[in-house]
Structure formats: structure tokens, C-alpha cells
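Multiple structures are listed underneath, in C-alpha cells.
Same chain, two partners: chain A is paired with chain B first, then with chain C.
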Partner chain A sequence: MMHIQARTEPSSLMKVVSPLLAIALTLFFGSILFSVLGKDPLQALHVLLIAPLADSYNIGEMLVKMGPLLLCGVGLSLCYKANMWNIGAEGQLLAGALGGSAMALYFLNSESAFALPITLLAGIASGMIWAAIPTYLKLKFNSNLILTTIMFNYIALYLLIWAVHGPLRDPEGFGFPESALFSDTTLLPTLFEGSRIHLGILFALISGFIAWFILSKTHLGFQIRVFGADEPAAKYAGFNSKKLSWFVMLFAGALAGLAGVSETTGPIGQLVPNVSPGYGYSAIIVAYLGRLHPLGAIIASVFLAVLYMGGDLAQIEMGIPIAVVGMFQGVLLFFLLACDFFIRNSLTFTNKATN
Partner chain B sequence: MPDSLEKHISIARLELANITKQYPGCLANDKVSLTLLPGEIHALLGENGAGKSTLVKTIYGVVAPDKGDILWNGKEVSIKSPSIARDLGIGMVFQHFSLFETLTVSQNIELCLSKLQLKNIGDLAQRISKLSADYGLDVDPHRYVHSLSIGERQRVEIMRCLVQSVKLLILDEPTSVLTPQEVSGLFGVLRTLSEQGCSILFISHKLHEVTEICHKATILRGGKVVDTCVPSEETPATIAKMMVGDLAEQDAGYSKQEGGHIVFNIHDLSLTTKQPFGTALKNINLSLKAGEILGIAGVAGNGQDELMAIISGEEERHVKASLELNGTPIGHLNAGERRKLGMAYVPEERLGRGAVPDMSLTENTLLTHSEGFVKNGLVQWNVLKDYANTLIDKYKVKCHGEFSEAKSLSGGNLQKFIMGREIGQNPKLLICAHPTWGVDVGAALAIHQALLELRNQGAAILLVSEDIDELFLLADRMAAVCDGYLSPLVKTEQTNIDQIGQWMAGTFINNTAPINSDTVEQGTKA
Partner chain C sequence: MDADLIVQILFAAIKTGTPLLFIALGEVICEKSGILNLGQEGMMLMGAVVGFLAAYGTGNAGLGVIAAMAMGAIMSLIFAVLVLQLGANQVATGLALTIFGTGLSAFVGSGVVGQTIQGFQPVMIPLLSDIPLIGRILFSHDILVYLSFVMAFILFFVINKTRMGLTLKAVGENPHAANAIGIKVLRVRYLAIMFGGAMAGISGAYMSLVYTPMWVENMTAGRGWIALALVVFASWRVGRIVIGAYLFGVASIMHLVLQGMGWSISPNLLAMLPYVATVIVMVIISADHFKEKLLAPRSLGKTFDPREMA
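So, the complex of A and B:
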């Protein structure tokens, strides 16, 4: 007979080691997979994980991908800390991209110095609105946040697709579903000559530190942590759960919105239908891999960004399908949750009761 | 009682030799030896953190000892899991019952039996009825658990062990949830079990019970056996001395006090229940004066939880004008806003509600006490740490330091900490649930003293407890709850344990409210 028993004292070392263990298991699983596909596993892992960090161009591209992952991941970490299961970073990101792009197109012929800040604020506000609706529904009608945020991801996606096919389409674009190229005044400045690394990565790092500061130094952050760790205690202490829910959701929405508008005004430079290769979903893994710690999310977002880059390279150099990246992410999350489960619980085997 | 033992003496039922268990930073059991004869009722005594739970868990196979031998009927055994313990014939009744309320007694018992056991038993309900008659347990196999009183549920737990032909029954503070009448019923059952040859290991903090029923007692302090005695030859005071080392002041009664102006008022409070097995509050009126302790007695589940939740503000339904603190209506305020008006609250559950298990004592101080520790939204962690250390010193909380996680403290020490934290806010009104439940003699004394000191400073204290002795000791006025009704309030000197006991059973309801035959019947049974 197999029993699952809760461990009385989960090892604190294992809590830190668990992400590394999960990564190791994922790599092991990946090797098997590549062998079955007829590819050299060592070469595949090299292309997937080492090559993205091998030269400055690749590192630059990796940082470009890391920006939105980290922005969304930081926001989600805060939400999950407070037990708000926001799966809607993708939709909030797309809303930010859409709102920000509309503003950027409004400033198409403007030379104003405020054009870029206002564009960014428009993106942030759009992300916040997109997070606010499910939050309101949850607090008012007790709707399931997971379901509503997922639904809002699809609504955002199709709204964006409608916009690039309709009102925001470039009239001189030969009917392609794309907006006009934004003017230079609304483009994020790049950090280094000749690379695509833009301000977005700085925003992301700063947001990570802000979130860390909030959680560890402020009373509000303390309340969020109590709320997530022990809801009856938060209720007993009389913390305002609605205020906390609003805060984490709007914070996450703002960061995801910023990620979206930073993509369109950064590396892309216009609004296109495929703004995000699922950054908002991968950010869920970033949040968990980073142990819901904003600074942990920085490390985790590097790993996920490398995986994105490596996926591109593996497709180009070895003909490995891009779907492998998604599968890798899924397997990683699976092992991560499994490792966490076994930190808290143990499997015991007993002989069938003898009499 | 002790002479009835002589008949059974042959080989010891259970013998522990030099059991040692080391936890990180704490030697929980240090060469503990103990012998238990067939039919013996043996008390395991000690303050919180003395190592009683660890020892009992070792016997029941939950904890593996580092060193030492366990002999069962003279043969060395290794008890690796509770199922092995059960196979040997060791049963345990925990403090908190694990019964499914929506199932019947017999279904609940069936759940913990293997297929083979069930086959051997045949008709389970019949077996339960027979055992019930043999031991005077009075358990009806077909009743649903939610309709049972706490005492009856405990008997179901005992029945669960009996069905598995138990040879050793371990009871962890079995009387802490019972009315005086139920306690004597339980003792009757235990005596019958003992006469039939079943050994009983009995953990309790109530010393007069130990002297009443136990043949032998082992006293633990700091993980070591410091003494053994025959309780019938001792008095509660001499046993208490063995437990705490030096004779703590076991005061028989503190001075009573007349309250001043009215601080807190409840009028005409009625509230339906939200949970299927909750208790609706019915037409409750109460006023609490400055400088008095008002004690509310009652068997668990008669509306105490609901009453505490509505007073503390955790129950979020607004009760318009029913609650007043110093003349201000507070029925619409949440728990945090009520705290700002000078209310503090010590809840029944310490871990998981009164304190966050995974957070340090410093962080747990901030949980309810933020005044003076938060500047411009930023937590002054250094100031807070110093204050947490002050609390730890003042209330003699045994822990490694302010960085210790709440879950690493024993129940009594955590309670002292929570009590200190709430009192430290100089509340005008303190509501306090079961302040010394599961707390050892030394800690209980410290908690009592802290409560009285707060009262003498002019605070109003509402004390809800199932421990009648404690209420008589501390309360200036008393009342009882039954089925959501509150009895009249009387001065403690003008009442006695019989009257309160009857009120706990609901005899006052006829006079103050329409008769509910169902309630009265259930109440008098309890």
C-alpha cells in the first residue's frame, strides 16, 4: 500500500534546492526526448542552454526576452504571495500593448518629449484595467479568478487582432494586419549601440527591486505575506483583504501592461498580431521557479529567456521543432510542483495490514 | 483502586527503556524509561515542552526514537508507523478528533478498519452496540456524528480503538473539552476498561483528575523523568511541585472586583448560522464593565465561536446597532478598525490564526500590533525586534529568540506570547478564548496573573472558557451559553458550580425564550 504523509518539518535546504533539482530532472527528461527524436542530446542541450549565452548578440537577444518575462513574473509573484491566482498576465500584457500602441499611433506625427512617457502610461493603464475587471468580479461576485483571467487572455488577444485588422491597421500597409511603424519619439531608447537591448530590461529589474522592497520593508507587503501564508490569521488581525487584492492585481496588471507596451515600442516598433510568444504564461513558471520571491524571479527569468532563445537556435541549427520549448516549460513546471510536493509530503510504503 | 491492579501483574504490557529523541536544538526525550502494567491507568505529566507528546508519538509510531528500546508484552518491538502500533493493539485518542460529521458512527469506524478486520468482525453495528453495553460507552452506531456532543464524539474515538481490540489506550488531554458531568462518565468508562485489563496512558494538566483516577504517574521535565509517584498518595499541590520544580503559587482564588462604567454592550443580538453545523445566536444581551472579568462557560459548539467572531469583527455580516464599544456603535467595522478603537483578541486557535506558523515572533508581533512600529508605511524592523524580545522576556516565552518561527514553540509558550502581544496594546476591551487550554501549570499561572493585572488597570475582559474551575478562579461575573442562548449574568460569589453546570445544559432557556424541546433534550443529555 502506498500512503502520502505530510512531513512534520519540511527541510529548509530542500526548499531552495528544489528548483535546481527540477531543472536537473527536466534536462534529464529532455535528453531522453532528444535521443528518441534522433538528435544528439548533448548537442541539443548545448544549443538550447549554452549557445544563447555564447556571444554578445545572443546575450542581447536573451535580455530582450527576459524583460517581459521578468515584468510579468514579478507581478505574478506578488499575486501568488497573496493567494490571488492571476493567470491573466498574458492578457494584461496584450492589453498594455494594444493601449500603448493606440497612444503611440496618436503621437505618430508628434515631436513632444512627453509622447513616450504618455505612451508607456497608456500601456500601464490598459494592463491595470484588464486586471481590474476580473478582480472586481471576484470581489463583488466571488467569481473564480483563474477562470476569468484566462478568459480575459482570449478577449485581449482577439481584441488586439481585431484592432490590427481594423482601426489600428496601417492605411498604407497594403492590407497587412499591422499598424504603422511608430515614430522615433515613441520608441524606447536602446541601451547599447547596435543591440536591441532597450529600456524595458531596466524597467523589469527595477520592478523586481521595488516588489522586493514592498514585500520585505513595508507594512503593506507584510500584510500581503500574511494573507498568503495564513488567511485566518490575516482575518483575525483585521487586514483589509479587498485592499490587498486590489493592490496586488493592479500592480501585476501595471507591470504586465508595461511589458506589453515595452515590446511594441521596443524591439517590434509597431503593433503586430503576435506581440507575445506566451510571455504571460511563461511568467507563471518564472514566478514559481523564483520561489515567489521578486529577486528569485530575476534568476528564473534569465533561465526562461535562455530557453526561449535556445528554442529559436535549436530550430535553426538542428531542426528541432519550436514546440519543444513549450514542452520544456511544461515539464519544468511539472517537476517543480512535484519536487515541492515531496518536500512537504513523503511517500511511505506499508505492507497490507496483516490482520 | 490500586489493589485491583495486583491481580493482573505478570509481564509488563509496555516497557520503555532509555528512549532518547534529539530534535535540532532540543533534546525532547532524554533516556526516558517507563513501565506500564496490564490494566494500569498511568498518568504522563509535565509542563508544555517537557516531552510528553514526543514520548506518546514514539509509542504510537509517529516519531522514531534515536535510542532506546520498546518492549511490548516482554518482546522487543520496533513501531515504525501508527498502523503497526494499531496492529499491536495500541490505540490513541487525540485532542482534536478526526471524525466525519456527515457520516454515522458506524461508518466512521468502518473507515479505519482493514478489509480483513471487517471480515473478522462481521456485523460492525452489532459489535459496536455490544462493546457499548459492555463498557458503558452509550454509543449508538447509527447516529450521525454531527448530532453528537463533544463527549459523545470522544466516546466514538474510544470505540474506534476498542473495535480494534486495543490493549493500550493513549488519551491526550481527554477531559479538556468535557463538562463536569461528562468527565465523570469518561472516568467510569476508563475504570471499566482498566478492570478488563486494558492499560491506559493518560496525559492531563488537571491534577485533581490525575489523583482521582490514575494508579501511577510519571513526571517529565525537560525531556527527563524527574519523578514517579502513586497519585492517590499525593495531593495536586505536591504533584504540581514535582512538575514545575518549585512550588508555584497555586492560588485558590483571586480577589473579585466590582466593575466600573460600561465599556462594551451587546443588545438583542441574533444571528443565523452560515455553516451547516454552526449555532445560531439568539437574542443575546450583555454589558461589560471596566475593570471586570466576565466569564462565559459552555460546552464547545454552543455558540461561543460565533459569539467571538461577531465581537471580534471576523464575522463580516453587519449587525447594525447591536454592538457598542464605549458608546460607539462598532457593528459595521471590521476587525482591524475595532482594534484601533481599543479592542484586542486572543483567539482559541493559536497556530494558524493567532499566529502565522511560518513567521518569526517578530513578524507575529506585527500581526496585530503595528502602532509605533510603522512609519510612512515602512516597518521599523529593528524597533520591532527589540519589542518582541521584551515580550519574550516579560512573559518568559521559551524559544531560541525573536527569530524563532511560531510553529517551533510549544502550545503554552505560544499562548504566553500571544497573550503578551495582545495585552501589550493596552486594550480597553480584551476578548479571550480558552486562554489556558492545553497550557501547563506554570504557564497558566502566568497567564492568569497577566489577565488580572490587565483587569486591575481598568480593562474590560470577556473570558470564554470550557474550564469551569478557571472561570470561578478568575471571573468577577459569570454566565453560560447553550445552543446560542446566553444565560443571565451573575456575580461569581453568588453562584456555584451546580448552577453554572445546569445553565451549561440549558435549564435557563425555558425562562428567557420560547421552548425548543430538541435543544433542551440535547442540552440535558450533555
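So, the complex of A and C:
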């Protein structure tokens, strides 16, 4: 007989196994789906998962996608650890792209060595402002953070579209909704000759380690962890919940803003309407798949970046619509939530005869 | 402004408010049972694309609506199993449903983007549509608008006047007490969630069969999220949801109003209005923390485990 029994302690083994199991189940689901669509499932999985890592060009492109996913995912991990349901990484990323691009256009004819750092700071500050408004509204007026951050995603998107149609549009761009190409002084340097890998991926990795350090080595991080695990206990211990909320939200906003400005000053090189293919939303999955742990987020962001890259390749090589990536992300999160059931419960097998 | 323009604006507000009304009515039933489903946007998009595909394939818009309802209910069933059976976090599961629905709808709809169909035609209600002003505002719409009126009345009656409504509220207020007096808490919640899914499906079908009528990726543009705010705005009351839906309808067509008044503002800036309005409204209603706590279903968003004591 099979029994489901509640565990007295959450299983730390299952916490690690669950994401792996969820990925395996998602791939299984994918194989069935591809078979139904009349595509060779093995070839499809190869294109989705192996091809993105097959040569140095593809690895480079994968790393370009990993940067923003990781920057946003690290920030969200900290937010969710502190029970701040920030769904606004997408808007904070777009705000960073917009603010950073405005600064980069200001430096269009400048040779100053400070142009790039100031541009990046403008992007970071814009992301922080975009995170600060919903945080303020939550702490001051108790408004629902999930809904306000979502609304701010849409507001940022329309603000950005307005800007590329209006004040930031390239006057010599034949009316296309795009800014002028940034000058070389405000472009992020690439790390390797002939590839598009730029400083952004280093920013992302560093942010992961900084977040890990804060979380596991500082008193502030300790407070965040206690707050997430047991809110009443944290309040009883006298932790300042407002300060913690402000910290995680501004940290996440800064990283998402950096992701946005790194996209426009990195691989894109100008401000365009579609800066992000939904990195800020995918970062929610990065955070969950990485178990809200900054180092886990690094591994999770590799997987999601591979999936994005594989989606591009699958469209080109096999005619599979790119939207399959978004669907797989949803399926992955479903399977993860289902597998997490076994963190709290265990399956026990008992022999009926001995009962 | 002349009377004719006002009539046109109010007519358009009803039309824009209708998808919000459908989805918010479904969500209020779901929340009354104590379940917060953030997957509205995903279910709505799936309703929109499946409704469109069914209507496109059969040439029958009515079949499109039925298919959309069924699809919405199926989507919500995934959510229900995870949340009710496996005790998954409602917020995370709802987000997963939205991400899944957004991706899946774009995937299955990729072949029909930009195709058009013959949607529902306006049906003038005899006598009522002849009433000056009101007739044109309320009674010269398509059949789905009338269905939304009827649904609002039925739900108001069911929630406030019937035993079924009482059971629903009991489950949402205190599932342990409801369980103790023999109410099947999980069954009530399954039904409430799936009702919400079906309503989200119709809401999506309204977008793709009447409002545009065509299918475009992400065409619901956050209406599923605005509906969630609308339920809070309405303090979980059907009457206020109706008013709120049409107020948001006015906010969404504000650019037409302002153009009518001779203003010229960038359409991209005006497109922000419904979202800005939602934020402002949420700030105003939530500021009174005590009142909101009092009105919300008490077990909203909490996992119910019958093994635990209340």
C-alpha cells in the first residue's frame, strides 16, 4: 500500500531533488508534445537543450541571455525570501533601459571616461525608483504589492514606447520608433573578440555572489531569512520589517535596472520598443527554480537561458513557434510546485500483509 | 459635450467594461470560497485564443464561447489540483498559470494571428432599445453583454439569498468550521475555482470574438490583473463590481473622450491610464487597512488542510 504522510520536518534533500525532477518531467512533457506535433522529439530536445551549448558562438549568445535573467532572478530571490511579492522585475528592467538610454543619448557626442559609469548608474537609479514607488505604496498605504508591481510593468512599457516614438526617437531614423545608436563611449565592452558577451554577465555573476554574501554572512541577511521563515517570530525579535522590505525591493530594483541598461548599452546598442522578451517574468521562475538561493539562481538562469536560446534555434531549424519557450516555463513552474509537495510530505510503502 | 457624444462614450464604456465584468464576477466567486487565483490573465488569454479558433474553424461564434468556457475551466482545474490537492502556494501557482497560459495561447494561436472572423452582431432588444438615451446605451449591444447583465443578477441573488451562497461564504470565512458541520470544503472550492475559470474563458472570448474581433498575442493587455484589483475595489460585492467594471471601461476609452474634447495627447501616454487608475484606486481603498481586513473572505489565500485543527 502507498501512503502519503506529512513530514514533521521539511525534507532538505527534496528541496534539491524537486527542481531536477521538475525539469525532467517538463522535458518528458515536451517530448510528448513534439511527437503530437509530428516533430521528432529527440531532435527537438537536442535543438532546445544541447545545440545552445554546442559551439562557442551559441554559448556566447546563451550567456548574453543569461545576464538579465540572473540579475532579475537574484533580486527576486531576496524579495521572495522576505515575503515581498515583487512581480515587477520586468517593469524595473524597462525603467532601467529607459533611464539609462536617456543618459546614453545625453552622452552621444561625449568622449568622457565617466560617460559609461554614469549611464549605468542612471539605469540602476531608474530601476530603483520603479521599485520604490510600489514599495512606498505598500508600506504607507498597504496596497497590494503584486498588483501594483504588475501595473507598473505595463506603465513602464507604455512609457518606453512613448519615449521611442517621441522625445528619444532618432531624428535621422526615418521615423522608426528607435533611438539613435549610442556612441562607443557608452557601450559596454565585450569580453571576447568577435562575440557579443559583454560586461553584463560579469555584473550578474557578481550580483549573485554579493546577494549570497549578504544573505548568509551578514546580520541583515539573517534577518531576511528569519523574516521569510517565520514572520511573527521576526517581529517578536524586534526586526524592522520596513527596513528589510525597503532593502530587498531597492536591491531588486537596482539589479533589474542594471539588467535593462546593460541590454541597451550591450547587445542592442540603442533603445528599441522590445528591449526584453519577458526576462523579468522568467526571472520569477529563475528565483523559484533556484530555491530562492542566489547561487541556485545562477544554475537556474543557465537553464532558462538555454531554453530561450534553444527556442530561437527551434524556430529557425524546425519551424516550432518561439512561444513554446513561454509555455515550457509555465509547465516547469507547475511541475516544480507539484514536486514541492514531497518537501512537506513523504510517500511510504507498507506491506499490507504485515498490518 | 453634446448628448450624442455622451451616449457614445457610455455605450463604449459598457462594451469595454464587459470583459472585466465577466472575469471579475468569476473571480469574486472564487475568492468568496477563500481561494486567490492570480492565473486570471492566463485563463483569459486561453479563452480568447480557443474561442477564436473554435469560431474560426466552425464559423459559429456561439460555439467559440462554449469552447472558451470549457478551456477556462480546464485551465483552472490545473490550478485547483495543485492548490487543493497538493497544498501548493496559491500566489506561486496562480503566477504559473498566467505564465503558462500566456505562452500556450501564443503557441496555439500562432497560425491565426491577424485572421478575422464574423463575430457577434448587435441585437436590439424590442421596446427597451427604443427608450431614449438609455435604450442606446444599454439595450443595443451584442448578446454577450446581455449575458453579463443576467450573470450579475444571478450571482447577486445566489450569493445573498440562497443556501448555496451561504455555503460558499462559510467555506471562505472559516473552512474548518464549515468542514466540521459537514460541508465538503474541497468540493465547494473546486466548483468555485472552475466557475471562475469558465468566466475568465467567456471574458477572453469577448475580447477575441466581439471586441477586436481577432486574435493577437497578449491581446488581453493586463485585464485579468485589473479584474483582481476590481474585486478588491468592490469589497467582494457584486453590485460594486458592476459599477467598477464600467468605471474602468470609461478609463480605458478616456483617449476617445479627450480626443472628442479636442485635446491632443500621445496615445501611448493615454494607454497608461487604466493601469495608473488601477494603482490610484488600490491606494485609496487599501489605505483603510482595518476595513479591508473586515470585508475580505477571512481564509483568502490560505492553504486548507483538514488534518489541521482550526
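One rule holds for everything that comes next: the second predicted complex is superposed on the first by the 337 of 355 C-alpha atoms of A that agree within 3 Å, B and C clash if a C-alpha of one lies under 4 Å from a C-alpha of the other, contacts with A are read in each partner's own complex, and residues count from 1 in each chain.
One rule holds in what follows: contacts are C-beta pairs under 8 Å (C-beta built on N, C-alpha and C of every residue); 3 or more make two chains touch, one makes a residue touch a chain.
All of these numbers come straight from a predicted model, not from anything done at the bench.
When the two structures are aligned on the shared chain, A:Phe29 is found in touch with neither chain B nor chain C.
More chain A residues lie in contact with C than with the other chain of the pair chain B and chain C.
Look at A:Thr348: by the touch rule set out above, it reaches chain B but stays clear of chain C.
In the superposed model, A:Tyr106 makes contact with neither chain B nor chain C. Contacts of A:Asn240 after superposition on the shared chain: chain B is touched, whereas chain C is not. In the superposition on chain A, A:Pro232 makes contact with chain B only, not with chain C.
In the superposition on chain A, no chain A position is in contact with chain B in one complex as well as with chain C in the other. The part of chain C that touches chain A in the complex is made up of residues 38, 42, 78, 82, 86-89, 91-93, 95-104, 106-107, 110, 217, 221-222, 225, 228-229, 232, 266, 268-269, 271-272, 275-276, 278-279, 282-283, 286-287, 289, 292, 307. Chain A meets chain B in the complex at residues 217-220, 222, 225-226, 229-230, 232-233, 235-240, 348, 350, 352-355. Residues 81, 83, 87, 114, 116-117, 120, 312-314, 334-339, 345, 347, 349, 352-359, 363, 366-368, 370, 374, 377-379, 381 of chain B touch chain A in their complex.
The touching residues of chain A, when paired with chain C in their complex, are 6, 85, 87, 137, 141-144, 146-148, 150-152, 154-155, 158-159, 161-162, 165-166, 281, 284-285, 288, 321, 323-331, 333-334, 337-338, 340-341, 344.
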